[in-house]
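Chain nomenclature is as follows: A, B, C, D and E, assigned in order of appearance, with residue numbering initiated at 1 for each chain independently.
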Amino acid sequence: MRKIFSLIILIILALGVYICISEIPFGKPGTAVGNYYIEKGIEETGAVNIVTSIVLNYRGFDTLGEVTILFLASLGLGAILATVQNKTRGVITPPSLILTTACRFLFPFILMFGAYIFLHGHLTPGGGFQGGAIIASGFLLRYLGCPQKRIRQSSFVAIESLGGIAFIIIGLLGFTAGGFFLFNFLPKGVANTLLSAGIIPLIYIAIGLKVGAEMAGIIDTLIEES
Amino acid sequence: MDFLNNYIFYIGAFGLIFIGLYILLTRKNLIKLIIGLSIVDTGVNLLIICMGYLKNGTAPIFSRKGLNPETMVDPTPQALVLTSIVIGVAVLAMALSLAIRLYQHYGTLDMRKIKEQKW
Amino acid sequence: MIIIITSLVITMLAGAIAACALRDLLSAAIASCLVSLAAAILFYFLQAPDVAMAEASIGAALVTAILVIAIRRTERQE
Amino acid sequence: MLIQSILIIAFGGAFLTYILGKASSALRDFLAVLISVSLTVLIFLAYGKTGEIAFASFMNLPLVLRINHLSWFFAIAIQTVTTLSVIFSLSYMKGKERVDFYYLMMLLCNSAMLGIVLSGDFVSFYIFWEIMSWSAFLLISYNRGGALYAGMKYIVMSIIGSMCMLIGIMSLYSTYGTLNIREIHDLISTASGEYLLFISILFLAAFGVKSALWPIHVWLPPAHSEAPSPFSAVLSSILIKMGIYGFVLILYVISGAALYLGLGGGSFRYILTLLAAITIIIPTFNALMQDDAKRLLAWSSIAQIGYIILGISIGTSLGLIGGLFHFFNHVAFKALLFLAVGAIEYRTGTRDLNSLGGLIKKMPVTFIAVLAGTFGLIGIPLTNGFVSKWLIYKTLILNNHPFLAFAALVGTWGTILYSYKLIHNIFLGQLPENLEHTKPAPASMKLPFIILSVVIVLFGILPGIPLKLINLITASLGFDLLNINIWGIASESGPLNIINIFAAFAVALIVVWFFFLISGKKVVISQDNSYAAGIDVPKGKYHYTVDFYNPMFRMIKPYFRDYMDEFYSQLVKALASLSDRVRRLYCGDLGVYVIYIVLFLSILVISKIGLNLW
Amino acid sequence: MVNPILLIIAPLSAAFIIPLMGYGLKRIVKFIPPLVMGFNLVVSLSLAPKVIKNPIIVFLGGFPPPFGINLYVGPLGILFSCVISLVGFIVSIYALNYIKQGAEQKYHALYLLLLTGATGIVLTGDIFNLFVFYEILCISSYALVGYTGEKAGIESASKYLIQGSLGSSLILIAIALLYGKFGTLNMADMASRIDSVHTMELFFPLVLFITGMGVESAIFPLNAWLPDAHSSAPSTISAILSGIAIKIGIYALCRVIFTIFGATDILQFLMLLGLVTLLVGEFSAFSQDNIKRMLAYSSTGQIGLIVFAMGVGTQYGISGGLFQFTTHALSKSLLFLTTGYMIYRAGSMKISALEGMGKKMPLTSVAFTIGAFSLIGLPPFIGFPSKFMIVYSVLARQSGLYIVFLALVLAGTVIEGAYFFKVIQAIYFKGERKDDRAKEAPLSALIPVIILVLLIIGIGIYPKVLTSILDSSAAELLDRIGYIKEALK
């Protein structure tokens, strides 16, 4: 009975959506805000990747909120799973030889690849979040590959908080130097070169490390009691 | 043919949203509900990106010289989706930790049996 | 070009329906990984490389990993 | 300036006694009495003054205090009763716990009533009204057990009443932009008929609840019998009179005599008098059936309120004077009766009429007090009750309301029956063994008895003193002046002259006394020398006061069950079961909660697509 | 003049610093929240007089509004931020030694982030930024509800999470549709492009917003999570959730309806919704025996009253609703704080277990009575002027239907009075407490309670202190054009 009832409701919503969507043409937005970013993106922020300039400069406050949410997730996880009494480690099938050697061999490369991505955030597609995620998948491989070598939880927490504080400090520096919070006060440099887009690379390094540490921390908290 | 060109992405996005809602409405297991939530989230991200797409536009990155700004896709939705994906992960991690604790307390994840907090 | 996009959308929706219908939670998690993978490729076709990378690395890899870990710690069958 | 000082002393005094109470109880008692007496003196000084002072502002509305004859008349009644009951409770509350909380609430309630009477605009009227309500609530539920249910009943009904009043006040404010009573009086003459009806019905509800008009009287009997005796004296003599003050305020001060008569084509006035008549009959016969003295007196208070409202709502100057004077008399003898019952309860520990008896020898002063009180209640000539009932009967007959007059008469018969039951069961008959050693009432209780008895008899013989003041009041409300002399009313429409009644009584008294002397021989008859149809007379107490009116009860019992009370308890039970079903809405199942959300969304979407509501 | 951005940055950076202090300075962690909230209170109070005259616009990153994010700090924003920091400051003092078990450090960080999210929503002028702060608020309240790790807490937290994230997904869909239509994310820019809501492609986002934000602001069919969450959270958290979190949902709802869409003809529906929420809330609170669950249902009722007042639509009605918001924030947090220690001493949440508390914990019981009296609306307390304004605003509309609505609302308040008096009677006039464990609450719990009592009585006697800021914020909410001109100039 519940299935039919929910199907009816969803059909009504689909009808509403259809009428609403038919007014919004697909494929020709031409929005004023979007064109402004594309034209003035490079000379105002110095970053070649316009999406990164939006994420960090134009709408930097969103990303600050974003970083807080990730910090919040790891805190919440710690708070909820910290009170678990049974700390016994479950039996994990010992990893096969191929996995351990691959993990020992691949782990540094994955970290380097992740670092490459968030270092070139303003040049090539990708940035802090994607680099951090790749680093976290590196740590995931480490847990699967060699479970006995564990990283102390507090080091993750330290990196997280430092990353967040670095972001805020850069923002406050912008506030003191340029009068606006998160103002791009460093020189823009030559476009399309590594040290070019003012504060954007600095922030993306902080975010990359922070997201990597946080995601790894989340996975570590979840795995720890298994 | 042009119907497909115009509406295929909308069908994909809203299809995902409605299937996710269907899971939320009918399924009992908490983990299945969480999977439903992540599907709704993916659907919404797809919808946001569709809003900014320009017919045969190019990616908003000036990697080479001579890229014509007019044909570039609108970059703002991509910035929003970056944030929204990470929000989805954060909520998902929180939900799964609660599911694990719930399983330790109740021994089951069937939401029709977990009804102590009522009236 | 449109053929590839249509087939990707169909696989995505099929993956979502599989995630809904499958009793075994692990295979439902894998189905949801399929959905986000197809979505990542669709993002690529929508000229959004940043988002494709983010969706692939976060959506497909980490979300599925967390789901699998959580399923391992609770129960497997629905 | 005098009014503000009265209120400041009243409220300040209340909190001061509470704080000092923590220090020493003797100091607290002394301060309570001092404050009450000083307030009485202050109010006496304010006789005849009229004036208005804006003492504060609330939400850009000036809060005004005003005094005129009407408010002075009510203020003096409030203050005297509270002073007497504070003096009475000095010894009554000796042993009990939480006594300073009791004094705080008593004085707070008293100052709130003064505030109501002295307030010049509706906002301060409402503020003092609410303070009076919840301080009375805390006092009613003072001695635990059954008092909690009574307190709950009282507070819920009085909150409903004050909510209706709030709507009334606010609609006045929104139509006239001001809440000052004087300004509203001038503006309201332009009001349309049904708007005035709407306002009057709202205020009728609010004041009806407080003055226990028939359909909404249910809270009064349990509240009076459960409250501590000194407070139930204040409660029944003055607190329910605030409803009367409200009636006078709305019917005459706001809408003015002319408008009131024409209200709803005169039907509103007729309904009010009808309600008053019912309020006289049904509670009187309920009072008959009570075994608890305080409950009996509570029911009788409701009946006497019926008389007062009857007098007020007739709409002629004679009726208004009768109603207001009966209000003053009722204050006097009802306070006296409650205090007396309190003294008896203090001494004998019980107030159940079936287990008392023969206390005339043990507590003579209390007996005289109860005697004076019941004479006033019934309205025997030479007591003030007689004069006011006479005026009310006179207006009823003059304005050709035969049925109302008959209802009032039936009410008086009932009053005679239950007053006699009260005196007979407590004072006459045989003294039960366990009451052998009851001491007479302590001195601090005797003082109020004497004062009140003197007031009853004095105003009975010389009604001119209070009538002159009431005449001024009715004149200020827009009625014509009657010429009042010291002995009664000399107007042609209804001559009343106490002097010849007094003379007739004096002569009859002398004649009876003379015959009593002549007979000379006094035959002493022992208690048990009465024929008991052959069976031997039991040694113990056998005078038959138990179930005094048993045969009559069997006759009227089925008709006089308190329908209203049962109706309200059914209502509350229905509400409770409804609330139990409503809270089942949150059934704890997550699937249902998610369906609620998505259903809400789809209903909104359907209402747009299908019905195109928006 | 302090830049309003600090109102958000200060608690945020404090939250980031707290885990770092875990190494050496564990003890002083619990003193950070009161410090930060005190700073927030001082800043917002200092900004209040300037803001009433003309609002402050803060550009973030140096870019003008439609292209960058801006903070619109108007009288409405400052009023909410003052109340948030005031209640946050008071509750954080109460939590000094109320929170002892569990990962205490994480509690204080989550607490600060919750208040950051609340302040962020209230001050931001950008719709997506509002969604991000809304998400911060929701996630931190999920974590804090399930913080104690008990069975009830975890169950309520997981249910709350599923419903809350469904709501926020709906909001995200609405934002996507609006961006697709207008191509801008700034509230003022969007408002300048919207004129009528009758076409479907604008009505659908409005409906999505109402449902999404309705879940957080506990409107009738969507508030199934509230009774569980507020009754199983620790008392300080349920005080914050009841006092602030659901009001922020209502702020967001009103901002969307009044400022962005200017949909004045949906107000009638809003009024009906408020009325139904009030009646359902009061009825289900009437037959409760668990005190915190009863307070949670009474919060639902009061929310219904606020939404009802907002639905009236006139300036006086909205300032009445805002005044009722302040009343409820102060009195409900007072009630939750006082019951916190009563339950802690009595050992169980049953009302029958609280009997006779009047003698053992005199000050706390008096505070509870004052809080209850002010919620019912008895004169000398803060509840009376707000009820006064609401009743006046409804009657000023001079229509018969509204008077029927008003009668039902006041009937709801009577029911609320009934069950509060039942509890007061249980505390004062029933039972004798033999066990000596029930002694008065410690000093750190009494100071906040006393501050709240003084505020309730002070504002109740002299409400003029609030009316100027209330009227200007109601005016800001009502005139859309002023908001648009101010933000985009």
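Going forward, a contact is a pair of C-beta atoms (placed from the backbone, for glycine too) under 8 Å apart; a residue touches a chain by one contact, two chains touch by 3 or more.
All values reported here derive from a predicted model rather than from experimental measurement.
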Chain closest to the middle, measuring from C-alpha centroids that were averaged per chain: E
Comparison of B-D and A-B (more C-beta pairs in contact): A-B
Approximate Å spacing (C-alpha centroids) for the pair subunit A, subunit D: 75
Between subunit A and subunit E, centroid-to-centroid distance (C-alpha), Å: 31
CA centroid of subunit C to CA centroid of subunit E, Å: 38
Touching two or more other chains - residues of subunit C: 48-50, 54, 58, 62, 66, 69-70, 73
Shared interface positions of subunit E, touching two or more other chains: 128, 132, 135, 139, 142-143, 146, 149, 154, 157, 159, 162, 166, 177, 180, 183, 185, 200, 204, 207, 227-228, 284
Multi-chain contact sites of subunit A, meaning residues that touch two or more partners: 2, 6, 9-10, 13, 16-17, 19, 21, 24, 29-31, 33-34, 37, 49, 51, 58-59, 62, 65-66, 69, 72-73, 76, 80, 84, 125, 127, 129, 215, 218, 222
Set of all touching chain pairs, with the criterion as stated earlier: A-B, A-C, A-D, A-E, B-C, B-D, B-E, D-E
Subunit E residues within the subunit B interface of the complex: 128, 132, 135, 139, 142-143, 146, 149, 151-152, 154-159, 161-162, 165-166, 169, 172-173, 175-177, 179-180, 183, 185, 227-228, 231-232, 284
Subunit C residues within the subunit A interface of the complex: 48-50, 52-54, 57-58, 61-62, 65-66, 69-70, 72-73
Interface residues, subunit A side, partner subunit E - complex: 16-17, 19-21, 23-24, 29-34, 36-37, 44, 57-62, 64-66, 68-69, 71-73, 75-76, 78-80, 82-84, 154, 157-158, 160-162, 164-165, 168, 171-172, 174-175, 178-184
Residues of subunit D touching subunit A in the complex: 591, 595, 598-599, 601-602, 605-606, 608-609
Contacting residues of subunit D [partner subunit E, same complex]: 57-60, 123, 126-127, 130-131, 134, 137-138, 141-142, 144, 147-148, 151-152, 155-156, 159-160, 163, 166-167, 170-171, 173-174, 575-576, 578-580, 582-583, 585-586, 588, 590, 592-594, 596-597, 599-601, 604-605, 608-609, 614
